[in-house]
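Across the two complexes that follow, subunit A remains constant while its partner is subunit B and subsequently subunit C.
Coming up: the complex of A and B.
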């Protein structure tokens, strides 16, 4: 049974264009909600604001890293800034991919970056060591809390530590929706 | 309507200017030349995309200085303020400065599209008496408290995308306590696009950007009710 046309009426004033304009959604362009809305819309100036803001956080934290590195250069003897910067980019990017609600970082005297993240009821403290203990992958430690409850800590390579962090979020459904979006239908 | 020069507070969450272009060279060559052309007040970094998988399949080149951030993609340059909004009087010269520096390497063939987008955020505000917008559903007793409305329309040769969100729940950190809380927030998001241009002169490009900014202000201030505008301390 066809829906009645023109059931929605939107109004707002635009005086330069001759007074009130009225926009109607009729039956013909009723949005098929099963599809993502962007297929129906023209491309805006920035379509993915989430990624846009994440890039902003990335820059702000990289900038903070640079400033702290200059201040604490004596702690990082034997580590080239560009090498440290690349390593930092790797851990920072992986952490931002989890879309944390709060993220902060500081450099420590034992040549590491100490991140604090909050997402949902979880708090993560991840320490990324920049010195070359293992040539293949950096070392990291992870301390996790769910609310006030402490979860088992982890120490290992940065890749494995990030896997544990992501797995903790996934197990608790916080990343599940994002992964489901990437599932293939075959 | 008389358009104010300034309001306070402005509630601007972000101001974005996107310019599409074509180049004479492949992007991987162009980005190196862009890097070379920007002066040493700009820092460069890049961000791998798709790092959830072991393979990062793309890198986003990012430039920034103390005031602005620039994302350079194969067909677009996107400018925004790095932290808070720095005012149009400071933002526009920053954009112009970058475009003039990029022009020096002479690899941009033409500018094809300009977009300017302002996102205004109003925590704990109900638009009911603040903006001149209403809709009816054919059932008079139904009043919508929370809504998201998107409209695209054309004014002369401009495409305008208007997003209005009223009291949508937003998870945000309280700066004082650092605790997360859900706050009902309202948004006025105006995106104005001038497409299908074939511009080569920076001077003309800046003039287009200025025109779009004026149009954006016109739409924004026409949306606000006089009563609400008065609370924003307008200066003319």
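Coming up: the complex of A and C.
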């Protein structure tokens, strides 16, 4: 019997018109950065998930992660492969949701996954730190470029950082999803 | 084998303070194979070649490409050489050349990446964080830091908004900033670094001779 979903609401002020964009997310969803369309349809979520697992990008990067973890294992003291792999799946799934044109990943010796994403004229560098084992949500940073111009960066939890990435894509019409705007009840 | 004297500091040299925007910095890598250096998907330099684990992103060693050219990256100081020559050079100080094998070797397996200074000099770091109202700001600074083995040594550093440099902070303060600034440095270098030899020019002599 699945447990009832907790529903989280996130509000982001819109710089353009002073309005508020509202996202609602269920913690039963996996990966945890889904929007209304997936949230409302469990079957659809399962199908989407299956498509992710058959996705060549996902498989390629998952294998790459395993290879790199083995090479850099000595730098990952205190983080076993299963834990690291689970954390990686969380960030990688969320990043693949943004449908990047290019996505690559590299493990770093400071216990993080360094992702590079390209979409349109944007380049995103998201660093997911795997070593915050006492916190509920991992720490991440996001550095963004439009062409060669650097945009303001963001540091926060992985969840918050993913929202900033999604919001940047939405604001620049690079992500087409169904979202709830200025709708306060669900 | 003689040490290349053209990269040694000379008594008539001074600190370089002129505009270097159209010049390149060069940094050695542990491999000279393109497939090792570049990520095959993003076509950008791999993180492992931006900075090795024993070095620090807060004060990244590079050299000014010009008189110091792509072959000079193969010079590797030995432990003894590092002790004797791995120190800051002070103007007017006379230095001797490192001795082959005991103080330096040629590592022909080394490669390099280069970065155009104007792409990174002064580039702002401004972070927002959900629970902090005042954004954190810093900027990238390219600074001439000549060393006894290499007059053309430059450092990529990070100047905070209070005028302090990241690498000068106490351990506790430094640790707080480490993740953000290291991410920033990694991303900026990945974005702009290239592994091909660019078209470059040498600095005019009046810019470094007294």
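Brief remarks on what is shown
Going forward, the second predicted complex is superposed on the first by the 119 of 186 C-alpha atoms of A that agree within 3 Å, B and C clash if a C-alpha of one lies under 4 Å from a C-alpha of the other, contacts with A are read in each partner's own complex, and residues count from 1 in each chain.
What we mean here is this: a residue touches a chain if its C-beta (ideal position, glycine included) is under 8 Å from a C-beta of that chain, and two chains touch if they have at least 3 such contacts.
No experiment lies behind these values; they were computed from the predicted model shown.
In the superposed pair of complexes, A:89 makes contact with subunit B only, with no contact to subunit C.
In the superposition on chain A, A:106 contacts subunit C only, with no contact to subunit B. Within the superposed three-chain model, A:171 lies out of touch with both subunit B and subunit C [touch as defined at top]. Of the two partner chains, subunit B is the only one that A:56 touches; subunit C does not reach it.
Once the two complexes are overlaid on the shared chain, A:155 sits against subunit C while remaining clear of subunit B. Of the two partner chains placed by superposition, A:67 touches none, neither subunit B nor subunit C. Residue contacts after overlaying the shared chain place A:139 against subunit C, while subunit B stays out of touching range.
Residue contacts after overlaying the shared chain place A:123 against subunit C, while subunit B stays out of touching range. Once the two structures are superposed, subunit B and subunit C can be ranked by residues of subunit A touched, with B on top. Counting contacts as defined above, subunit A residues 102, 118 meet subunit B in one complex and subunit C in the other.
Residues of subunit B that touch subunit A in their complex: 1, 16-18, 43, 45-48, 51-52, 60, 62, 64, 69, 71, 78, 80, 82-83, 115-117, 119, 131-138, 149-153, 155, 159, 161-162, 171, 173, 178, 180, 191, 193, 218-219, 222-223.
Per the touch definition, subunit C reaches subunit A in the complex via residues 39, 41-42, 44, 46-48, 53, 119, 123-130, 135, 179-180, 182-184, 186-188, 190-192.
Taken in their complex, subunit A has these residues touching subunit B: 7-17, 21, 23, 37, 41-42, 44-46, 49, 52, 55-56, 58-60, 62-63, 66, 89, 93-94, 97, 101-102, 118, 166.
For subunit A in complex with subunit C, the residues that touch the partner chain are 75, 102-104, 106, 108-110, 114, 116, 118, 123, 125, 127, 129, 139, 141, 143, 145, 148, 150, 152-157, 160.
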